[in-house]
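Some structures to go through are shown next.
Presented sequentially are two complexes of chain A, the first with chain B as partner and the second with chain C.
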Partner chain A sequence: MNDTVIEVEGLTKRFGSFTAVDGIGFSVARGEIFGFLGANGAGKTTAMKMLCGISRPTAGRAVVAGFDVGRHSEQIKRHIGYMSQKFSLYGELKVWENIRLYAGIYGMKSDEIAAKTERVLASLGFENERNSLVGSLPLGWKQKLAFAVSIFHNPQIVFLDEPTSGVDPSARRRFWEQIYAAADSGITVFVTTHYMDEAEYCDRVSIMVDGRIEALDTPAGLKERFGAEDIYGVFHQLARKAQRGEG
Partner chain B sequence: MLKFLIEKEFKLILRNPILPRLIFIMPVVLLVILPNAANYEVRNINLVVVDNDHSSYSARLVAKSASSGYFRLVASEASYEQALERQVERGRADVALEIPQGFERDLVRQGSARVLISANTVNATKGALGSSYLASVTADVTREINLERGAEAFASQTPTIDVATRNRYNQDMDYRAFMVPALMMMLMTLLCGMMPAVSIVGEKETGTIEQINVTPVTKFKFILAKLIPFWTIGYIVLTVALFLSLLLYGLWPESSLLTLYAGATVFIVVISGMGLLVSNSSSNMQQAMFVTIFFLVIFMLMSGFFTPVTSMPEWAQWVTVFNPQRYFAEIMRMVYIKGSSIADLWRDFLALGLFAVVLNGLAIISYRKRV
Partner chain C sequence: MHRTSQFAAFVRKEIYHIFRDRRTVMIMLVMPIVQIILFGFAISNEVRNVRLVVLDPSRDATTTQIVESFRANSYFTLMGSINTPDQIEPLFRRGEVDLALVFGPNFHDDLTREHRAQVQLIADGADPNMASMITYYASNIIQGALMPSAQQPSVTPSPMIIVPEIKLLYNPQMKSAYNFVPGIMGFILTLICAMMTAVSIVREKERGTMEVLLVSPMRPIFMIVAKMAPYMLVSAANLVTIILLSVYLLGVPVTGHLWLMGVTSLLFISASLALGLLISTLVRTQVVAMILSGMALMMPVAMLSGMMFPVESMPLILQWLSAIIPARWYIASIRKVMIEGLGIEYVLTEIAITTGMVAALIGISLSKFKNRLA
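So, the complex of A and B:
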């Protein structure tokens, strides 16, 4: 498949004698919404950090946006967007200033940034918040803005690490609309979540247990294979086998 | 890319509720208040006199002491015990002078006489300086009287008590030329050493650094963007301090400004490296502040500004070899007082340069280890 943007083989990360990620392998196609599920401590965040080029794999191989994570991590960073579970835009900067900073970091020109900022703010319905300090916005709005910032520079892939944690259900739905729009424009979305209902929105879902990928299929395929009514049922069957505790 | 990062740093500094005001107020307060308040001169030493001789010579000694400019005659007591009890112990007098019976007689017969000086050294500087001033006044009076009486033989025998070394900071008004460069050094250390360190650790604390780590911003650019704004502010504040001390105290470097700014530049690189080292090993602002202040206090006190390095015990002199502030203190003082050039100060510049290389090298190594 020519249009593969993430290709992972036997990817492993050990911290001393502890194997956080244990030889995982999968591939993600362009424009796909790829869900990455797992209990806390299953190794989701560690795996994602390796794919983003901020953590070096102990063994195995991963190619992201055409670059090897072990050797060309800086190249990868140019072609991805990232949004962490912990809100990490600058609270003391205004909405437009945060956008300008990150767009500038990715090499966009000032006039290009200014023009696109207006379009993005309009599509978010943020026209009146242009000059608000980001720290003063409600959490749901912050998340929306953080996502908009993470795809502002048109990355090939955006990595979302539990983007909707702590957000109310209606804000979560609006957030997923944003994700669909991004996928429609050709951006691959790699998202971790622990909300099982959100897994249903993904094109394909992988479930990690104790550092390994135990299941990987479309939501419908998974439910059929495990004879479950919803993804929660699938997850429940797999997670029962887990040796590692929470956290 | 760097442009956007630097822009962000300036915005964050300006939007901070305290920083911009502090940056403006700090040099003004330090330069206006400290050289005037915290001076090393000891005047107004309270003196109590016990004159058991009641002679013309003893009266002359008392008058001379009182008019020397250092002492304020607060009382005369009938006995030494009374003087201690009623004046010194109650904190009214710092130094007591007792003139024994037969003072004039001994002076006439032998050309010398004994007096008793006792000082309250709770305030050690005041006490020590007070008694040595008094000793020198006494010696002066003795010499004068002997000369008047034509007793040259005695006069030459009279031990002259030399207080010149202790008076170094006191008798001339030049202590400001010591104080002002020291304050400049302190300002630079706070602005270019502590501030970037605290700012970097602040991003660790809020988590914004994690987002930056996933972008193409390299560590080097991130750090450079942190340093450049504070370097700029450091130069501005130094320049303001330079003109402020000219305006207030008429102090201006004897050397060329080039020497001053060259020294400041190397020093800035040194303390930035030190700050980076601190920020790498701290996980929150409290730690970073505490560690910097710990080093700042030791480095300032051992820089040679407050106690000359050569007056320190030998072990302490060895410690100062590893204190970058010592070399910058030397440069600043020579620039302000002596008018030395870079060529004269090459040893200090070399030492600072070595510190710059070693500290920044260590900072880079310790940063990489954490990734």
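So, the complex of A and C:
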């Protein structure tokens, strides 16, 4: 029984002379909620792209869901889910059509899709929205649906790239309940966020500065080590050292 | 991985996208009809570099004089003389001449004794604007060449009457529809295939769904083909509409093989789809994709493909430029197949060039696509 689903060592990505990700290393356990923090331009998006198998590392290695990102990126793609900061469902398609599309892309069979769609719609309380166009739903609902779709094919890991940007605080709290439920069912959650209060919800948090991981611990551990009131305080102390600008 | 169901799921999604957007569907399906009806108005153009061949059984003073005035005229290029009428049609089929000048036997004698002599002008009526322009101009030259001799204080009591007999091959009634139908086919298919593909791929980039698709196990090549498939369908529907309209409304018959038209059309559709794909790799927003397709495709297709203005009468540099436009080759081959009724051996050049273009475009697009992921 291997309980590590992400294993990263010396992972590096260079674009010409610019080192976007500079030898990062960490591991994430099954069912863990792993917060991946960093200012804009710190390299978190690049790092996440490598873990998702859509960007090749320049050096170092990373094993995701048991597959090496350099050599078996296609296998990785089948075992992960992904939700981007931009709302990523199709507004012109109905709720069930979006579900069927993504489930189909992940290779699920029709009868399997049909049965699971019922369960998911029920758990979201979306039974009456089955035939609504996704574009007509309120943003918070879209977000919930997008997350449900990203884990519909039961991936080992789900990558969330700033999933709650633009959502109001109460909707964000409900969204995190969904994340907890997914983690309880054994799905590892790898999440980047701008909201420091959300970092408190994670099991462990890493903070990237200028392509390196400057801190990695539980939220409580980080606060203790930096003598800060909250994660924002920790982040602020670290981000001050950054050499790189925004962007 | 169930590749086929994955592919089917994606194609179904594209079809929903297209057909739920009723305005776009209407535009795509109605546009060909409107254009076919609107384009009845012919567009005038200039006569230049007319390649002339002469059949002169008389070889007398008058015919020599007429031929000399053609030789002296900068708009005509004398390609040579032929000896029998049988030689005319092959020259036209090979596209080597634009005008044939045929004198009757005993031209000079007929003219001086009977005050009538026969001269025939033969032009390619598949391009009626051009043909009427050429023949009109040629008639004037003939009249002009005879003027001095007519004015000589000779014994001729009445002015000589010359009645040139004009014969237009392939389009005897000189309908302009023969010209614009192939042009519209090229235009509509470029518009729908290239612009729609570009916009629909860029829309996914703009909205962020492309990111999710890239992280999914769907292969880019499958995604691209799945995106193109519905537009291929719409284009095929347009093709059928245009052909039906041109046959039953405009009376332009399909003289050649329908299958050959199908093959060349399919090839051209592929080229246009690939062009749309290339544009989508170059831009980030739908608006830019639209403008780029409009500027980089619509204008050249309308102006340089031979749709409105004959490629032959363009300045050399524009002729070169037109060679990189897929629609130019398509329109040329549809003219040959549909209007002139020629077989596959006459459109091999067009087919080869278009095939090369498809391969190059897809190659470039895929490598750009992969570069972005590296």
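The criterion applied here is as follows: the second predicted complex is superposed on the first by the 246 of 247 C-alpha atoms of A that agree within 3 Å, B and C clash if a C-alpha of one lies under 4 Å from a C-alpha of the other, contacts with A are read in each partner's own complex, and residues count from 1 in each chain.
The criterion applied here is as follows: a residue touches a chain if its C-beta (ideal position, glycine included) is under 8 Å from a C-beta of that chain, and two chains touch if they have at least 3 such contacts.
This structure is a prediction, so every number in the text was calculated from the model and none was measured.
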Chain C versus chain B on the shared chain A, clash or fit after superposition: clash
Contacts of A:K109 with chain B and chain C, given as first, second, both or neither: second
Partner chain in contact with A:L101 - chain B first, chain C second, else both or neither: both
Partner chain in contact with A:I80 - chain B first, chain C second, else both or neither: both
Which of chain B and chain C A:C52 touches, first, second, both or neither: both
Where chain A meets both chain C and chain B, residue numbers: 52-54, 74, 77-78, 80, 82, 84, 86-90, 92-93, 97, 100-102, 104-107, 159
Residues of chain A that touch chain C when the two form their complex: 52-56, 74, 77-78, 80, 82-90, 92-93, 97, 100-107, 109-110, 159
Residue numbers on chain B that touch chain A, as the complex places them: 1, 3-5, 7-8, 11-12, 15-16, 206-208, 210-218, 371
Residues of chain A touching chain B in the complex: 52-54, 74, 77-78, 80, 82, 84, 86-93, 97, 100-102, 104-107, 159
Of chain C, residues touching chain A in the complex: 1-2, 5-6, 8-10, 12-13, 16-17, 20-21, 207-209, 211-218, 373-374
